[in-house]
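In what follows, chain A forms one complex with chain B and a second complex with chain C.
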Partner chain A sequence: MSPLDYLLVALRVAFGAFVPLCFVAVLVWMERRGAAFFQDRAGPNRCNIFGFRAAGLIQNLSDAVKLVFKEDIVPGHIPHKFYFILAPVLVFVTALISFSVIPFADTLVLGENSYVMQAIPLDIGILWFLACAGFSVYGIILAGWSSHNKYGILGGLRAAAQVISYEIPMGLALVSLLVVYGTVNLNEIARFQGQLLFGMIPAWGVILQPLGVILFIVAAFAETNRTPFDLAEGESEIVAGYHVEYSSMKFALFFMGEYVAMFVSSAIIITLFFGGYQIPWLATETLVAYAKPVALVLLVLLPVANYFFTGWIRRNNTSHYYRPNDPRVREANIYIRCFWILTGIVEIILLGLLLADTAPETIRIFVALLQMATFLLKTVAMCFVYVWVRWTLPRFRYDQLQKLGWQTMLPLSLVNIFVTSAVVVALS
Partner chain B sequence: MMSAKIKTIERQGVSYDQRLFLIEVFKGMRVTFGHFFRNLLDNSKLYVRHYPEVKPEITPRWRGRHRLTTHEDGTVKCVACFMCQTNCPSHCISITAGERNDGRSEKLPVRFDIDLLECIYCGYCVEACPMDAIRMDTGIFSVVTADRQSVVMGLDKLLATPGAFTEEDYKKRGL
Partner chain C sequence: MLSQWLFYGFATLAVVGALGLILSRHPMNGAMCFVITLISQAGLYALLSASLLFALQLIVYAGAIMSLILFIIMFLNIQPADLPQETGRWGFLIGGSLAVVPIGLLLLKIVRSLPAGETTIIGNGFGHVKSVGLVLFRDWLLPFEIVSILLLVALVGAIVLAGKKETIQ
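The block that comes next holds the complex of A and B.
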């Protein structure tokens, strides 16, 4: 292996490991500010470092500091302390490693070598995700059981029952999807979605499998224990469910595990149904062929987008009450300057790409970066849907949840398999 | 014959499109997204008061921290009749009476302690007072300290706290 191979392995693993972790902070922020805006509140907007509030992101820092320095309690009544400590680790690690098979860009071809842009270049793809997602519920059950607490046990039981009933529609929705794609490899699935239907519509899973999308998204919500299926931690009924006995960093691991799981399942929904890293109408080879025009379009669009974005910052980053020499205006000016500098740097890079005589490798790397950005953008949009649903829908009652799973989603997913198979057989 | 007014409540969640959930879910999501988008575009439209900087408006009816009133010459109105202490449901008032020599009455409070940690701000002391000596019209709603001792309001603190409203407004509060 050449040094380049090692470098790319390191980069891929770093992407697979650190992107979900970094996005925990972004998602917690998105959840809190989003929740506030959905409910006409302001959300965290006071926490600052030297007056810089970063739109509330600093709040995450102080939360983290709080959680790290809180007393880490292992209650005395717990007989199995090892399992008690293992449970949050299990939840977090399974959530994190399930991201490792998701392709965040198309296979990078540098000269004669090609590099699969996944943290772990596995062919089993979606099966790995199913295995990890199924395993993460063991952490929740283990936490509920080892807490030796009524509420904990109830939360764990609910999580177990829920995951069992929703794993089936999820798996069946996937079966019909795999009938369409004919592969379990996520990179091939994403590449399939770069095609065009009738030469004009992107062949995304959402168009090929409209029912499958709904079934899979609902099941994914249940799988990540998010509202409206978060009755494993229904705070109005069973306090906090499975993590009622946890404090400090052990609680934080559950918390982060939930957000990593949300990020990963968003990524998997994107990869399966919304084209993954594909930019609509621009498949990888098209993108490579037209890299310079795309760069030119970006070169023009970026300052325009930044103009509107900075305008939005200037309008909103002010105090809405009388305040002499409003420090938030000063803060906004600095943000705006930072964003313009950032835009300037990207512009210079794009200009270099346009003017210089570029090697095909450079074009490939540029395309890969574009696809990564697309992938992250789509994933964050999907995460926003998670937040959006959370602050819209109330929690399902336990019997309603089971009824929906077994009596509605299971028959629907079976019907979906039959219809899909019939269509695929008829067309081939 | 009395005719009862009957209002038939339409039962929700029965029709097929409602049991399908999805349509109703999307309707709900449209409503919440409307709020989100409006607030995102212009966050001055949030329905919040930016509290520590912008204080809420306190009306004369509001029961805030207590104070003891005085006559025009500065002598305390309280005659240590123990009405407020007897009435207090949370036993937060403790009075020690002493002899009064200024000719207004026979007694006056030597000590008058209100433990604000015990107080439930019910206002019974104000209603019980025959002399209009204790009032809760200071408009102070936030009592924050680092220790338990400093929330026990003594006689001097109760006398030193001014009322937040004019005598006229206080009388009009309609109790």
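The block that comes next holds the complex of A and C.
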């Protein structure tokens, strides 16, 4: 193995491990600001470091400090302390490792070598995700059971029954999808979606499998125990469910695990149904061939987008009453300067790409970076759907939840399989 | 070299898990030990480059079946007082293992008498989803379909039985 191989292995594993972790902070922030937006209030906007509030992101930092320095309690009435401590670790780790098979860019071809852009180059793809989803149940069951608490047991029972029963429609929705794609490898699935239908529509899963999208997204919501399926921690009924006895960093692991799971399932939904890392109408080879025009378009569009964005910051980051020497305006000016510097750096890189005589490797890396950006952008958009649903829909009743899973989603997914198979057989 | 050490690791874990399943008193400990055994078996399949079997072992056995068993154990909420008093447990264990010794010796002899062969990776794509699927649907179609109908009958039967109770009430 050459040094380049080692470097790429390190980079891919770092991407697979740290991107979900970094996005925990972004998603918690998005959740809070989103909730505030839907409920017509301001949300967290007071925490600051030297007056810099970063639109509320500093609140996450203070929460993390609070959770780290809280007393870490293992209640005395718990007989199985090992399982009590193992449970949050399991929830967090299974959520994190299920990200490792998701491709975040097309296979990178550098000279004669090609690198699969996943943290673990497994070819079983979606099956690995299903396996990890099965393991996350252990964390919940162990947490509920070892807490030795009525609410904990009830929450664990609810969560486990829900996750197990929604795995079935999820798996069946996947079956019809795999019939269409003909592969379980997520990279091949994403590459399939780079094609065009009738020469004009991108062949995304959402167009080929309209019913499958709905079934899979609903099942994914239930798998991550998010509203409207968050009865496992229904505050109004069972306090906090399976993590009622947890404090400090053990609670933080559950909390972070929930957001990592949300990020990962968004990434899976994006990869399966919304083209993954593909930019619509620009498949990898097209991008490589037209890298310079794309770079030129970006070169022109980026300052325009940044102009409007910084204008938005300037309008909104002010005090709502008169203050002499408004500190928020000063803060906004610094943010705006930072954004212009960033834009400048990206512009210089794009200009270099346009003017210099570029090697094919440089173009490949540029395309891979573009695809990574597309993938992250789509995933964040899907995460916003999670937040949106959470603050829009009320919680289901437990019997309604099971009824929806077994009596509506199961037959629908079976019908979907039959129809899809019939169409695929008829067309082939 | 690495795969050999991995094999030793997984094999030891599998045996330790199986021992834990038999020896531990609390059902939850037993179930968790069994999970360790199942996962290390999945690791052994992966070492044999049977990637589909690896995934299925994790999804079906370690993921679905064992989590149902754990679910039941949690549901029953067994207290230490509910467990039976096992007197003379060690006597049974020693007697049982003495009774198994001849079978073990026989197995050892069989393994010893196996002809030593070079282990090589068979063909390209062995054990992958596509090749296993092709074998199943080309050479073993009828048995495969019969087994799937058997499973379907069990599924329908379970749903019918569960539904019947509701109508009686």
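In this section, the second predicted complex is superposed on the first by the 428 of 428 C-alpha atoms of A that agree within 3 Å, B and C clash if a C-alpha of one lies under 4 Å from a C-alpha of the other, contacts with A are read in each partner's own complex, and residues count from 1 in each chain.
Criterion: a contact is a pair of C-beta atoms (placed from the backbone, for glycine too) under 8 Å apart; a residue touches a chain by one contact, two chains touch by 3 or more.
Just so we're clear, the structure is a prediction, and the values are computed from it rather than from any experiment.
**Student:** Do chain B and chain C fit side by side on chain A in the superposed arrangement, or is it a clash?
**Tutor:** fit
**Student:** Looking at the overlay, does A:388 come into contact with chain B only (first), chain C only (second), both, or neither?
**Tutor:** first
**Student:** May I ask you to decide whether A:307 touches chain B, chain C, both, or neither, giving the answer as first, second, both or neither?
**Tutor:** Neither partner.
**Student:** Is A:69 in contact with chain B, with chain C, with both, or with neither (first, second, both, neither)?
**Tutor:** neither
**Student:** For A:281, using the defined touch cut-off, is the partner it touches chain B, chain C, both, or neither? Pick first, second, both or neither.
**Tutor:** In the superposition, A:281 touches no partner, neither chain B nor chain C.
**Student:** According to the stated criteria, A:134 is in contact with first (chain B), second (chain C), both, or neither; which is it?
**Tutor:** second
**Student:** Classify the contacts of A:157 with the two partner chains as first (chain B alone), second (chain C alone), both, or neither.
**Tutor:** Touch status of A:157: second partner only.
**Student:** With both complexes overlaid on chain A, does A:38 touch chain B (first), chain C (second), both or neither?
**Tutor:** Once the two structures are laid over each other on A, A:38 reaches chain B alone.
**Student:** With the two structures placed on a shared chain A, what shortest C-alpha distance in Å links chain B and chain C?
**Tutor:** 22
**Student:** Check chain A for residues that touch chain B in one structure and chain C in the other, and list them.
**Tutor:** Common interface on chain A, chain B vs chain C: nothing in common.
**Student:** Write out the stretch or stretches of chain C touching chain A in their complex.
**Tutor:** It comes out as residues 26, 28, 32, 35, 51-52, 54-56, 58-59, 62-64, 67-68, 70-71, 73-75, 77, 80, 128-129.
**Student:** Within the complex, which stretch of chain B touches chain A?
**Tutor:** Per the stated touch rule, the residues are 21-22, 25, 28-29, 31-33, 35-36, 39-48, 50, 53-54.
**Student:** Which of the residues in chain A end up touching chain C in this complex?
**Tutor:** Within the complex, chain A contacts chain C at residues 79-80, 83, 122-124, 127-128, 130-131, 133-135, 137-138, 141-142, 144-145, 153, 156-157, 160-161, 164, 167, 184.
**Student:** Which stretch or stretches of chain A touch chain B in the complex?
**Tutor:** By the definition above, chain A touches chain B via 34, 36-42, 214, 312, 315-316, 319-321, 323, 388-389, 391-393, 404.
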